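Here come two complexes built around chain A, the first alongside chain B, the second alongside chain C.
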Partner chain A sequence: MAIKVINPGLSTTVQDLGRPGYYHLGIPLSGGMDRFALRAANLLVGNDEGAAVLEAVFMGPELQFASDAIVAVTGAELPPKVDGNVQPTWTAFKVKAGQTLGFDFLKSGARAYIAVQGGIDVPVVLGSRSTYTLGALGGHEGRKLAAGDALKVGGVAKAAKEGRSIPANLRRLPGNPAELRVVPGLYWHRITDAAGTGFFADTWKVAPEADRIGYRFKGGKPLEFVPRKQPFGAGSDPSNIVDACYPYGSIQVPGGTEPIVLHRDAVSGGGYFMVGTVISADMDLIGQLQPHTPAKFVKVDMKGALQARHDRQALLQKLRAAVN
Partner chain B sequence: MKTRYSFGGDEHIFVEVDEEMSLEAFFKSLSMTTAVKESRIKGVTEICPANASFQIKFDPDVIAPDDMLAELKRLEGAADKAESSIKTRIVEIPVLYNDPWTHETLMRFRERHQDPKSTDIEYAARINNLDGVDGFVKAHSGAPWFVSMVGFVAGLPFLYQMVDRKRQIEVPKYLRPRTDTPKLTVGHGGCFGCIYSVRGAGGYQMFGITPMPIYDPKQEIKYLKDFMVFFRPGDIVKWKPIDRAEYDSAVADVEAGKFAPRMRDVTFSLDEFRRDIDGTNAKLMGVLYGN
Partner chain C sequence: MAKQILSPLPGTFYRRPAPDQPVYKNEGDSVAVGDVIGLVEVMKSFNEVKSTEAGKIVKFHAENEDAVMAGQPLADLE
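Up next, the complex of A and B:
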């Protein structure tokens, strides 16, 4: 069965849980920015949690279905419409052969996950169906969807029920201001104590330059550096380091002004110092932030990071139980 | 050199072998990452060597962060004693210096450059006390370069010039990064050279372009059929200046599937290099060109 792309939306890509193992060559993990929502969408339509779905940013696509399908839309509050009739989010619904799945305007969040029973069937590249657009790798021809594209859907493994829904208390979206928990470290010692205090005290705002590679934040005080003679090979700016690896979630601050949190399509390394790393449990939340959303970085230690990781796993267990 | 360990959130450990760049720091980082690979520690998901540092990604549900840290510290002692010698490849990369494509791009972004009145290559020549563009090309292509990291974007090599530190070319990055860089641009920032594997943003100075693809996600190019990324840390590169006619003919060869890089297996010893830089480089050229 096939899905025809009538209108691709702003930037719609095929994503699954990503492509680990090639970061040392500059090929990032990729995959859904909000993995929790991606898993939920798949569970609702009876797929494996890691099946390939469509990730739509800010604006939904318009898709014509050649056969009957069970579909679910999770993540951002981007109301789906079947031939113009609004359907609930976080709920499995049916699209009949010949019908068109469209979307209403975005109400909250930033990225919606559109799962189709059977999964989006694009070739597996280096172990994943995820799209890495910068490297023209994976997904549908290595790029975001365009009008006229035809997507194949995989064979149905498990029955799915229309109307199956995720309870509201299991739908995870960021607050306002969004709170992103950070373990300070990496090159934290490069900034003064006052700058470090300010970084966590200030309220930042998501900048328009926010995509799958990284999210930029504005509006906090510039960070003051501890003076030093720059090491050989680093470059002359006090924010420069000898080019090193960048962790996922790491927060670099070029010139000490605007923090950038690297996300699933991260550049794997470079020459800017980093003040710390957003914990794994809060990475999904970043994917749901719209530009101009206020955000605070909240300091945690490793114990706090592991507790948050544990809490998130417990939530995932509840999610699995809720759809079974 | 003092090794510094830091956690990157709950899934990464970052290990800085030295604050400043040197081949010694690179070799220590490489031997530590090799040791991590060989010890097959459960829970390790990515091992990423960099210029003078490296990063391990791990699953804290499998191995506790403190245990992971202890494992790495244990391996550091062994790495200190490791022999600084590697079996690697030496590759000739043809370069059209001062090409029209990077020129067009650098003119578009002149207001982001330290010296809007000269080109990147003229500027780099001047601040490195080299005799104009010709003098720069001679210095840039005269000695081999060492691939000390692969990354930033898919398959991009960072290259470290194999000469005395006082002769190493050093340039600042652009004041503000460009939003565009031609694919296969030969660039430079700090003390590092690079080849942009894909078109996109970049902050390095731009000196020329190579006709030789180094990343092919479709794996149609013959020498990228086995794996889509050409470079590995430890590769040695020799730039070969070419003119426009040679560039065009190489591009035609790539398109016809006939282009084959000149490439030889070689053993590189850091101790030997330290004792005699020019002699070691001459030997490497001997292997590459077979005389």
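Up next, the complex of A and C:
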């Protein structure tokens, strides 16, 4: 069973739940940017939640199937089309041998997850099939898909039913403005109280540069720093620190102007101060933000962050129950 | 039946290949299938917007550096 790539879209990559455990060596987590949607796509086609799928951003690929398959598309509202006939998202549907899966224009969200019954079969590298394009690691030859590629599909583990669907209340997309909950971080003391207040009060906008490495935001007031003599080892800009580890979700603000939230393909360390960290429960939402989308950072404490994580687990349980 | 060129991607629209160069197409210019009419910048890459129809551009709906959505009409053709 093979899938032939006719048109790859803008940047379509093989992703699973990621490659944790090597970030301290500079190898990022990778994996789907909206892992909730990735899990949902897999569950719909009878795969393990962490099977490899295709992540398409802003624009869908065009794929020709060599044999019959059950497919589901979740995440962004990127309407799938089988030989030109529109299919519902968040729903399992059939693609017959010889048919082509294409996509209509993106309606909302940013990243769609295309799961095929059996999963995309690429070699496992350091415990994951996810693509890390900067490191040319994992996925299909360590890169985004190109026209002419042939993808193998794994053996079918579980039966899947056409028409199986995820209820609307379990389809999660960011609001407008998107609200991203943040725990203020270790370097919070570097900015003035007024800057800290402004950071949470301002409405930011997603910059067009935002990608799998980091999501950049523009349009808020520049952050004002508490004056200090830069310590030995730190750069001369007040936003510089002595090099430190960058957590997944951390928000660095180079020059105090444009916050960047590090995401699945992030660098693991460097010399910019971090104003805080987006909580794990909201990282999936970032993966669904289009350029120019308004966004607000919402302050929470650790207790709030843990509660949100708990709520998120409960939502995942509902998702699992919904497809059984 | 009016024909339109739609943006394939969300991002920032540019009518010129570079700031110091002329626009790809003016209103009133004719276009062939595959002609570039602008760029959409997203994820640090500039993606050419190509006409999927042949005709004459009667109106642009997006100006240089406008934010555009996927599927948004960029130009009317006749």
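Some notes on this structure:
In this section, the second predicted complex is superposed on the first by the 324 of 324 C-alpha atoms of A that agree within 3 Å, B and C clash if a C-alpha of one lies under 4 Å from a C-alpha of the other, contacts with A are read in each partner's own complex, and residues count from 1 in each chain.
By our rule, a contact is a pair of C-beta atoms (placed from the backbone, for glycine too) under 8 Å apart; a residue touches a chain by one contact, two chains touch by 3 or more.
These numbers were taken from a predicted model, which means no experiment stands behind them.
In the superposition on chain A, contact of A:P294 is made with neither chain B nor chain C. Contacts of A:M59 after superposition: chain C is touched, whereas chain B is not reached.
Put simply, more of the residues of chain A are touched by B, taking chain B and chain C as the two choices. When both complexes are overlaid on chain A, the residue A:L134 reaches chain B alone and has no touch with chain C. When the shared chain is aligned, chain B comes close enough to touch A:C245, but chain C does not. Applying the stated contact rule after C-alpha superposition, one finds that A:P208 touches chain C and leaves chain B untouched.
When the two complexes are overlaid on their common chain A, residue A:V183 makes contact with chain B while staying clear of chain C.
In the superposed model, A:S11 lies in contact with chain C only, and not with chain B. When the two complexes are overlaid on their common chain A, residue A:K107 makes contact with chain C while staying clear of chain B. In the complex of the two chains, the chain A residues touching chain C come out as 10-11, 57-59, 104-107, 110, 208-211, 290-292. Those residues of chain B lying in contact with chain A across their complex are 6-12, 14, 16, 18-22, 45-55, 57, 60-61, 65, 149-156, 158, 165, 170, 172-173, 189-192, 197-198, 200, 215, 217, 228-229. Chain contact summary for the complex, chain A toward chain B: residues 20-21, 23-27, 125, 132, 134-137, 142, 182-183, 185-186, 188, 231-237, 240, 242-245, 247-250, 267-271, 274, 276-281, 302, 305-306, 309, 313.
Partner chain A is touched in their complex by these residues of chain C: 6, 8-12, 41-44, 47, 67, 69-71.
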